[in-house]
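Read through the structures below before going on.
Both complexes below contain chain A, partnered by chain B and then by chain C.
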Partner chain A sequence: MENSDFRQRSMFAETWKRLKKNKGAMIGLVIVVILFLLALFAGVIFDYDTDVIGQNYNELLQEPSWKHPFGTDEMGRDLLARIIYGSRASLFISFAAVCLAAVVGCFFGAISGYFGGAVDSIIMRVTDMLLAIPETLFAITLVAALGTSTFTLIIALAISNIPIFCRLLRSSVMTQRGSEHIEAARAIGAKTSTIIMDHILPNCIAPVLVQFTLSIAVTILTISGLSFLGLGVAPPKPEWGALLSSSRSYMREHTYLTIFPGLAIMTTILSLNLLGDGLRDALDPRLR
Partner chain B sequence: MLKYIGKRLLAMIPVVLGVTLIVYCIMSLAPGDPARTILGEQASVEQVEALREEMGLNDPIIVQYLRYIWNLLHGDFGTSYQSRIDVSTEIWSRFPNTIKLALVASLISVVLALPLGIIAAVKQNTFFDSFSMFIAIIGISCPTFWFGLILILVFAVNLKWFPVSGQVNTLKGIILPALTLGFNSMAAMARVTRSSMLEVIRQDYIRTARAKGVSNRNVILQHAVPNAMIPTVTVIGLRIGGLLAGAVICETVFAWPGIGRLLVQSIQSRNTPVVLGCIIIFSICFSLVNLIVDVLYAFIDPRIKSQYQ
Partner chain C sequence: MSDVLLDVKNVKKYFKTPKGILHAVDDVTFSINRGETLGVVGESGCGKSTTGRVVLRLLEPTEGSIILDGENISKLSEAKLRSKRKEMQMIFQDPLASLDPRKTVGQIIEEPLRIHNIISSSKDRQKRVLELMETVGLAQRYYSTYPHELDGGRRQRIGIARALSVNPKFIVCDEPVSALDVSIQAQILNLLEDLQKQMGLTYMFITHDLSVVHHFSDNIAVMYLGKIIELAPSDELFAAPTHPYTQALLSAIPVPKLENRRERIILKGEITSPINLPKACRFASRCIYATEQCLHGEPELKEVAPGHKVACYRAESTDKT
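Now for the complex of A and B:
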């Protein structure tokens, strides 16, 4: 019997279909994918030792040209190579931090939302405290105490993102908890862990996905801000904020050194925001 | 209402205490001996040990923390490692500058964001709408410090309209830093105002108002805007917290003598008491702003107000 018309499409296919209609989100997605590929294959395009950290005193502070599309910096290093390698630091640290935050935050959020009571109160008071310290400040505190390293940055940014995911999941779980399919699962004797993992979490994935995208954007901004202050990724390793910080001394005569790294940050954040907004609209049940 | 504010102020105490505990514990992880930092490399082991004893560094961390809190309640933030002057003097002399910057920045962002968001919603799908939303998404995607550098480049270096670094006491001196700091919040507020206006405009009572012949201007200003303000106020509150954190970066870009810059300088010179003091001040401000926002809700939304009477 022909019943393909009635077959229910998966949530994923449905969302993808709606996302495809959103021009902004698709542009965002394409740019994000390109950035990922560039970061991944940076080693194929440029040689780290000669292009990125190798100093070349014959080509100091050159204006953009065919050989160096974005110009060269005060040590004769190609700015394009440094920006592309810089994306590695930003993308890696932000992904690691937000993934960690999402896993830990969702874990505590699920527990808090499912069990309620004293456990919920304790978890919520802790998130209140963490939320009372703005993300940048928390990262600054941790870096000030432990010194700058990739690991410290990841931990600091993860901890400040945990409360957001925790609250998000808590509220989704709380709305799910009373629903009939959970009651049914409990009636047939499913274990609590099975109920949370198999019956509740899959229904909470949409807001988490949207928050994930937006958190990555905010975290990349924070990383570049910290590096700008000299508290993030340390030179000579390239990072966007650090590139901007060192460009300040040459800002008047060599504006391109200031403009290109900033454009790189803005393009990345812009595409992530467009993608995040598009995902939110596509996953919004009210718009279905 | 007063009872509610009082209750919220009381509820703030454990949060602020928790924040100070977290920050204190993290800062105590910092490597290096404070006594050694103060006395320098030449000091003998006995001298260092004597100072450690005097500073109470040999006590358990919880005792040190409680002593710190006790002093804090008396307005004593400890003594700066470098200048040997009171941290509180150092902080309070800079605090007004940060507040001034944050206030002007929030003022600029609110004044620009509300009309932008409201008009964009009223004229949905027109050129003005797309244009202002384009500005807004650029605004939330643009790093504060880069926007500041570009403003300096264009308006201070090339056009010479404003000074390059912040002159605290002139109107001209505060415009660029405040614009830099406020741009991001402005963008976020404009986006939220637009979307909440769009939601409100579709409500039945707006249709009723139009049907009974209220002028378009009055429908928007008296019926739609007040109802659309609740999400906007939330975002204003959230963003002012972000503003405080943004101040750290913005003050560094413009060499603005506020506590944000003091914080960065103290981190670089490993001046723990000052770092601790600055972060605690920032967190208290943040909690206070959240409280003010919650109280503001009650003024905007009579439904919330009635709950507290």
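Now for the complex of A and C:
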């Protein structure tokens, strides 16, 4: 403890300081950043028309080599280029969907948990209805009704993730609401909005963060599943799940075709989980 | 006599439960003079904390009026009540639970100043926070620490500093020392006493520890099942407890002398359930003096000596023995 330090350390600086000490979280963060940069600058590294969707029948199903580090697929396309381009779809759709779900879910969850009563009952019954529909089935229905597009996919995935966040935040808020420090905040005259934003939500963030990383992982898998069914990202546009499913028929002879997209999914999910766990710990001043 | 700061009249707080209506606070009337302390004692679940919260309108009263410094706060709108909270504050029982674990000591004490916009510049605010910390005996080096890093006594000092930051007139102390070590209890009590003298504070001091209230309070209210059953000046109550329950309570205070042992009154029987109360004296089921009359009507709080009120038929009929 510095004796003369009266500066109010900001929450962000504090968190960052603690996060830096966590090796796992930093590895996760580095990988996530690299993935995002690759997705962002994929166009600089590879040319979409020639490398990603351009078919080359002279180089069908080649083993990994210097020219094609991850090998080529059944149409002679470079797998590395396709995986990197595929990360755009996987990452963008899953992040957009889960962010949307988290914001909407947390909003309704906080209201439901804080006010209780009839508001709570209504929100919870709607949530129960949504929870009752399997995620994939719901997405299939919506995509079938509205047509295959990235936007539809995001909406479908977001809606099926909302109840998870809603329930999660509701229960945390309910625990927080009854605690004495919330009563203390009311006693000093804080407004309801201040109490929710300033006192309740910061104390509820840990489970939300963990759920966020989990949901991203599950959503990436769901997108893959939908692409596999032909409802996700349409070929020839690459997407990790689609890459995985199209390589299925060549799995015995050309294992690398399944291994690399699988590794990409696994690495992303693993690093997100590491980062999420690290963030959760770093955001809690009690764990130092 | 000095003027009345807080006047509580016929306040009731009922909770609806699946089994019926729970009478947590049932028709409580008392007043506190400016600069004085009212000690509220009673066993767990007797409604003393609820009374404290209703008085501050942290819980809505079911009925009754609460007049603080001439203004009836029981009917104030949310917005007006918020600004009125500058005048009435609370010190909580559990100093750790009542402090936001994600905020530093400085942020916690600063918050009321920011909410009520008492000091707008952040630099002056910090100066005031450091001042407050000094007042309550917290070293400045704790400014940017978190509550969980400090011991119980220091945490309670944070709570006190937070309550003082808005210069309140009236503070409800809800068992402020019961979660602390005995050695620290004395420190905190002395601090509260000093602050009262310096700032002319008025306290409602809720506790279950009779020895604490004795030297601390001007008047003491004894509560049983949501009712005040005896209300008297502190010394009078200790010298001449009138209600059988008060007598039993006082007999339970340990006397640190071997030759001067007191006969303890052991209460037998179960507490009556506060849900769907029968129309009878609430203490009758455990009272050694209970008569037929006690089972058929509720005694009211009546003055038996100047300033000394008791709710017991026995005190009404016979003189104190």
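Going forward, the second predicted complex is superposed on the first by the 226 of 288 C-alpha atoms of A that agree within 3 Å, B and C clash if a C-alpha of one lies under 4 Å from a C-alpha of the other, contacts with A are read in each partner's own complex, and residues count from 1 in each chain.
Operating definition for what follows: a residue touches a chain if its C-beta (ideal position, glycine included) is under 8 Å from a C-beta of that chain, and two chains touch if they have at least 3 such contacts.
Just so we're clear, the structure is a prediction, and the values are computed from it rather than from any experiment.
Asks: Output check: A:I188 vs chain B and chain C. Expected answer is one of first, second, both, neither. What do you get?
Replies: A:I188 contacts chain C only, not chain B.
Asks: A:H199 in the overlay: touching chain B, chain C, both, or neither? Say first, second, both or neither.
Replies: second
Asks: Scan A:T255 for contacts with chain B and chain C and give back first, second, both or neither.
Replies: first
Asks: Have a look and say if chain B or chain C is in touch with more residues of chain A.
Replies: Of chain B and chain C, the partner in contact with more residues of chain A is B.
Asks: Taking the superposition as given, does A:I133 touch the first partner, chain B, the second, chain C, both, or neither?
Replies: First partner only, chain B.
Asks: Taking the stated contact definition, name every residue in chain A that is touched by chain B in one complex and by chain C in the other, in rising order.
Replies: Correct list for chain A: none, the interfaces share no residue.
Asks: Taking the complex as given, what residues does chain C use to touch chain A?
Replies: 53, 56, 58, 81-83, 85-86, 89-90, 92-94, 97-102, 104, 106-107, 111-112, 115-116, 126, 130, 140-141, 143-146, 148, 159, 162, 166
Asks: Could you list, by residue number, the parts of chain A that touch chain B in their complex?
Replies: Counting only chain A, the residues touching chain B are 125-126, 128-130, 132-137, 140-147, 217, 221, 224-225, 228-231, 241, 244, 248, 251-252, 255, 258-259, 261-262, 265-266, 269-270, 273-274.
Asks: In the complex formed with chain A, which residues of chain B make contact?
Replies: Touch list, chain B to chain A: 14-16, 18-19, 22-23, 26-31, 137-138, 140-146, 149-150, 152-153, 157, 241-242, 244-246, 248-249, 252, 263-264, 267-268, 275, 279, 282-283, 286-287, 290.
Asks: Which part of chain A faces chain C closely enough to touch in the complex?
Replies: These residues of chain A touch chain C: 1, 3, 5-9, 11, 179-181, 183-191, 194, 199, 202-203, 284-286.
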